[in-house]
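Each in structure tokens, the structures are laid out below.
Each of the next two complexes has subunit A plus one other chain: subunit B in the first, subunit C in the second.
What follows is the complex of A and B.
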């Protein structure tokens, strides 16, 4: 019996092997670490990986001998757990730093970035922080400046950051400079396999689509 | 000039930015709030004069200057409080849910309450991942081996491991333990990783 248990996980009717799930997790992890803002939440992958970790741990526990094979599998489980926690931590860090931006984004209708639990967490943080500022200082201030719009004061993520990107699928006509009165729009064609150092803002939607990967 | 005390608060925080949290400067915060109050009262007098149309151009300028002074003071206060919260949040990830008492004494009462609320919401979020929850404060570094050699720095007595066996943590004793169980103790400073 293969201890890792290469199970076929049903994911929206699609059969995914363990290897595919781990590759997806790995890709999501690198993208999330390199991106200045939150990418689309991937609760399915997180769930899948958590279940797989549990299965693997159960398999290991049920084996009672101490063999090198067991140790290697245990290390594999630890590594997968590390990638998963690092992915979730990276998301949580960005969420905590820029909660104002993401909450307003969510209110504006872009609901794919935060999972349900992350949304709850962000809302709790927002309320708790506002309560603290209110209790410590705002309630002692005169009526004219007694309340502030916390969500817009919290600094937003820096979308102008330059990132290294590797193109997976060709993208034509990416507008680099918008059209102004003086000149025509400057556009580039990106071919698959090329690598660019580019402002994050220009490729934000492409990263979410999977057409471009961050490195 | 207006806003000086506010700037001092920011300088206070900036001086302590690399270490752990500095003491909460209750006194200065109170002074800034008093300054805001004084500015508002002076402005109210001038505004009532303006309404009666007995004021001059200089009065209008004074009202604007005082208003900007108020807003600046508010901004300094908000920056001071908010950045201290960020610092406290970093401490949570470093020390775990229990902060050493000497750092805790630097937090104001309301900051202590905020910390408790943050602990709770973080625990709630981590508990909701998967069946038993996933502790995100573990596994900070990529694991390169299953067991690590550690030296005990403090007396902790007996400790039970996951597989049921107990080990005696005496000062300077060396143990060969699974990484997952040592991580939190290493962060606390009880164990030391021998490389």
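What follows is the complex of A and C.
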């Protein structure tokens, strides 16, 4: 009795097994939790995992008997659902705190960070916040203050935050802060397997392309 | 990330069990496991092992590295070395705790294992405290922290990174003030 066969799912043109997709989700979850800013949205992974969960849940429902096998499948679904919701919630929290920054980033052409729904969410927050400020205060203020540029006033995420990073692929000549009082920037090599405590800004692009994971 | 979430991640590690029931291959989303034959060892994720053990359907086989000699050797290495030694598993502490708690009855010398693990934990934690101290006094911009486990990193993460962030802000402000003073001094010449 096989509740779910193994399938190869396409993701960005590469064949990925379900196990690999789950690993991707886990990695994205930890990275998102530890990063001060939004990482690239992964709509393919989210959609695929959601589909798998729904399919598995339907299979479980249709079984009716309570066997050990069903319990294990159920537990797995709950675990995956936990990771998925925690991942999405972590993103929404950051989006809500810094909606101005991410909307401006999107308008400037960096469109990989927000999924379609997240973009709508951010736009709704933006309009609602402006309307609220307008109704409660701005309306009653002199016209010169009314032209407030809301988006730029929302505090941006703190990219200077220190994070722990684990190197997956070696990186050469990464520009880092000077250690001594020289003010001249240093460059270091990071080898795979090493772990660093470092400012997020210095490794931001490495996290985006997967050479470095946050821990 | 809280402690429970770190343990959650550790529960994805594979571990050997000896089932006492019969079942065909299970096609889980994270992989295929089985078939389950009473008395024959197979590998499953730790969360499956925990559940099966709770229902008294299996015995958990401790990993190869979970014995007194290995633990004692790790402890000696750790006390001798000034840096952090590489532990046999990325989730050393979590797995040891979980296995000790569920396999108490048929794991030999459980208490001694737990004591040695505590010693290893304390040694590493003391080393961590001294190196954090050194790091902050030196006002360094980054640190290499190889061989620290996720659990240990997570324990100091919130507090340490928040403190470092504050220090960085202060340094930046100080730098800014110095630059402006230098600029106005040179413009007066």
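The definition used in the following text is that the second predicted complex is superposed on the first by the 203 of 215 C-alpha atoms of A that agree within 3 Å, B and C clash if a C-alpha of one lies under 4 Å from a C-alpha of the other, contacts with A are read in each partner's own complex, and residues count from 1 in each chain.
Note that a residue touches a chain if its C-beta (ideal position, glycine included) is under 8 Å from a C-beta of that chain, and two chains touch if they have at least 3 such contacts.
Predicted model, so just to flag it, every value in this text is computed and none were measured.
Engineer: Once the shared chain is lined up, is A:197 touching subunit B (first), subunit C (second), both, or neither of them?
Structural biologist: Only subunit C is touched by A:197; subunit B is not.
Engineer: What is the contact status of A:71 with respect to subunit B (first) and subunit C (second): first, second, both, or neither?
Structural biologist: Both partners, subunit B and subunit C.
Engineer: Quick one: classify A:136 as touching subunit B (first), subunit C (second), both or neither.
Structural biologist: So A:136 only meets subunit B here.
Engineer: Using the superposition on chain A described above, determine whether A:47 touches subunit B (first), subunit C (second), both, or neither.
Structural biologist: first
Engineer: Please indicate which partner A:79 is in contact with in the superposed arrangement: first for subunit B, second for subunit C, both, or neither.
Structural biologist: both
Engineer: Residues on subunit A in contact with subunit B in one complex and with subunit C in the other?
Structural biologist: 71, 75, 79, 82, 86
Engineer: Report the residues of subunit A in contact with subunit B in the complex, numbered from low to high.
Structural biologist: So the residues of subunit A in touch with subunit B come to 46-47, 50-51, 54, 71, 74-75, 78-79, 81-82, 84-86, 88-89, 92, 96, 117-118, 120-121, 124-125, 128-129, 131-133, 135-137, 140-142, 144-145, 148, 153.
Engineer: For subunit A, which residues are in contact with subunit C within the complex?
Structural biologist: Interface residues on subunit A, with respect to subunit C: 1-6, 18-19, 22, 26, 30, 33-34, 52-53, 56, 68-69, 71-73, 75-77, 79-80, 82, 86, 158, 160-164, 176-179, 193-199, 202, 215.
Engineer: Using the touch definition up top, name the residues of subunit C that touch subunit A in the complex.
Structural biologist: Interface residues on subunit C, with respect to subunit A: 1, 5, 8-9, 12, 21, 23-32, 47-48, 51-52, 55, 57, 135, 140-148, 150, 153, 157, 160-161, 164-165, 168-169.
Engineer: In their shared complex, at which residues does subunit B touch subunit A?
Structural biologist: Of all residues in subunit B, those touching subunit A are 29, 33, 36-37, 40, 70-71, 74, 77-78, 81-82, 85, 89, 108, 110-111, 113-114, 117-118, 121-122, 124-125, 128-131, 134-136, 138-139, 141-143, 145-146, 179-180.
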